[in-house]
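Just below is one structure, and these are the notes that go with it.
In order of appearance the chains are A, B and C, and numbering begins at 1 in each one.
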């Protein structure tokens, strides 16, 4: 199958449609709530939580005895929340810092989960096959009921965010001020974190534990580069996330050996890279261009004011002078002469230059300004 | 003390400690309504902690705070806070106007959105602080002094009766300093109570009419002309302070 | 115990120590998560090396993987310097991208490759003894043992030679830089060491256990001591302990060795976290309660001392003016009475001579800001602590 074929198949192949919908919705949801995770400055919490969910999944299976998505997700949720709470506990009660706490919970919980996983695999229970899909995700196994759950969670999140928009905003921006106007910051924080944990748990079966953090972070990080308004950032992040999800499915369905999860993450990463480089306000490329432009403008001004100083010593300020008068000035070059002539500020020939009236005026202004500063 | 002037803030027996380290001990302080008060003291004297304890950001070990004879939690709408710079994420995607609008969140309560009235009030506050032209600027693009003015505008929008500020003049440019002092005096002239943690002893007599000396314990409090003297300065700062009060 | 069992435990112990050493520095430098990043991001390096040599045992793999690890660190630094995102975010973006590239590379060449991503991530130390090193015709032991052993040896050497510099740059980077020890060099040196250690350990124990072995023993040790040398030894000790105990747990449960070792590390950490004498959760909680009560007591006594009016010395006043709940108020009163600091008559509280002396001393300490002196003073006056 190739890409064209994929889009044709969409209308007829039910499974494909479900998977596309699922990854699209999931991607959008991750972008949506990921914006808040990124702004909370707890970017890697997602990574820790997704790893911490594993023992919960295994224990849920051991208790319930069936590989029912609802149970497993519940287990993941509980385990994720316990992990989150413990992380907070470590940070607030000991002098271990947040990175250590995150790393501890991440690896210790996951390792414990591994223990349970291999223990389960020894059990003679055909139902447990596929528990390890949570490690790397298997979008291909998405079913209609999974997508339904995602839809519900999306609606709840959307509703919650719209309702508490300004509360979330002020909590993330200035938590102390928020306290003074009476906001119950602790509860709002818990609520927001719970939503994030919920979304992470939802995403585990599609992209897996390792890659989950990227899906939370990348769309939001990309969106941030394009706007300074929070609501636009959240909107863009949702869009980027959905796009990554869908393109991941499209590409992996079209090329038979591509695993979906990694392709989704790479799509998101490409969007991030593109945003980092090309975004007009913050992008590296534009920054570099602006920097060079201003550096060149400074050089031009310097050359012009040097010429002014030379020219103003003579009665006829518009008289030509030899180029060698500028020999001491290291910055001049033919390029600068050309540019100045382009702007109508000087005339120049092979060996001489002269200021135009316009050039003289401009230089005079510059000179006066510089003089004031000096 | 003149018994006719109502007391805006009444602090009794306030004690705050981190583990066994006391930061504020047994503070009794009454701030009359309408004063423009400076709180001064050496580093670590507990000045920021005092403000934060009053506002409920920090929980005291003992003591009570009354705002116009009521507990603080009932009087939130009457109190505005301008925090120290640097406690905020400057890369947050928000404009100057947005930040000032946040000052209206307290009175809006849950679920309501800022509307035209709130926007108008925010724009007015920005204009008062000379920052109207910057309203759509991303806050990370503003200078330190400009950011400080935004915070002050946010407090103004709350239309409070009492304003608490934590070192608002620390490290700002001359324009900002003038603008801030202008607003402080304006508020005071309207009968508002303004309490400022201030870092620069030299300017206390010029800017403020009341002062409180603090160093873990309250050393002295009262009108500047009565108590801003060498004796209290030495008691607070511990070295021989000689200052001449020159009214400009 | 047969030979294979001994060898597995030996390898596990070696890996544990090898990880504990750079791990200690990473925890102290607040860079714990870089281990997570490196251990996942080196996948494409390994895969590339494998594509070139078609041999999972080639040293080229180690080189490529290490380079990829250092590249990751460099990319994270570079991204953070652009100011577009914070460092955490940079880490969370880069390693999944690299890992994804690795996974896709494997998937695309599925016919050629016997790389099982599971094994890469999870490792299987149980198989280590089967891969032996034959030198000059003699079987000298499992290959992993030698490789890890050599890396460990090099680490110890580096540690010996650069201990001062590493210590200084970790605790006081400013001073270190001003003394001429380039922080960048030390940083990348540490990162390279971490990368190499990750790469060789990971083959034996998998990515997650490497992260656990780097962070957990060091964090646990940190809760017990702040002395760098002690911390290094303790974390190595904890690592070895967990490695061996973990092995036997896996043996009993017939489960993953890596998972078991991690679980033991977790239990160890939990134990110290809760029960460590000075810094443990329980100890801190108790200490805070005690201190809170004692500070409240001093506040109360000062208050009595400052206010002579009978109305302000009444027990009820405590609740109204000082704003204490009954429980706190009662506890304070009780403590004051047991220590003979106060007398209560008709509901009025007054200071005893002892109470007065104590209060006066407390005041001097507070006024002079010698708050550390309060502790010794307490010991002089207190018969019963809070």
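Note that in this section a contact is a pair of C-beta atoms (placed from the backbone, for glycine too) under 8 Å apart; a residue touches a chain by one contact, two chains touch by 3 or more.
As the structure is a computational prediction, the values presented were derived from the model and not from experiment.
Among the inter-chain contacts, the highest number of C-beta pairs connects A-C. Farthest from subunit A in terms of Cα centroid separation is B. If you average the Cα atoms of subunit B and of subunit C, the two centres end up 40 Å apart. Averaging Cα coordinates per chain places subunit A and subunit B 37 Å apart.
Taking the mean of the C-alpha atoms as each chain's centre, subunit A and subunit C sit 29 Å apart.
In subunit B, no residue touches two or more other chains. Under the contact definition stated at the top, the residues of subunit A that touch 2 or more other chains are 41, 224. Considering their complex, residues 38, 41-44, 46-47, 51, 89-90, 93-97, 99-100, 102-104, 106-119, 122, 132, 135-136, 210-211, 213-214, 216-218, 221, 224-225, 257-259, 261-263, 265-266, 269, 272, 276, 282, 284 of subunit A touch subunit C. Those residues of subunit C whose C-beta lies close enough to touch subunit A in the complex are 27, 30-33, 35-36, 40, 79, 82, 84-86, 88-89, 91-93, 96-97, 99-101, 103-104, 107-108, 110, 117-118, 121-122, 208-209, 211-212, 215-216, 219, 222-223, 250, 253-256, 258-263, 265-266, 269, 273, 279, 281, 284. Those residues of subunit C that touch subunit B in the complex are listed here as 287-288, 291-292, 294-296, 299-300, 302-303, 306, 321-324, 366-367, 369, 371, 374-375. The touching residues of subunit A, counted against subunit B in their complex, run 39, 41, 163-167, 169-170, 172-174, 176-177, 179-183, 224, 227-230, 233.
Subunit B meets subunit C in the complex at residues 12-13, 15, 17, 19-22, 25-26, 61-64, 216-217.
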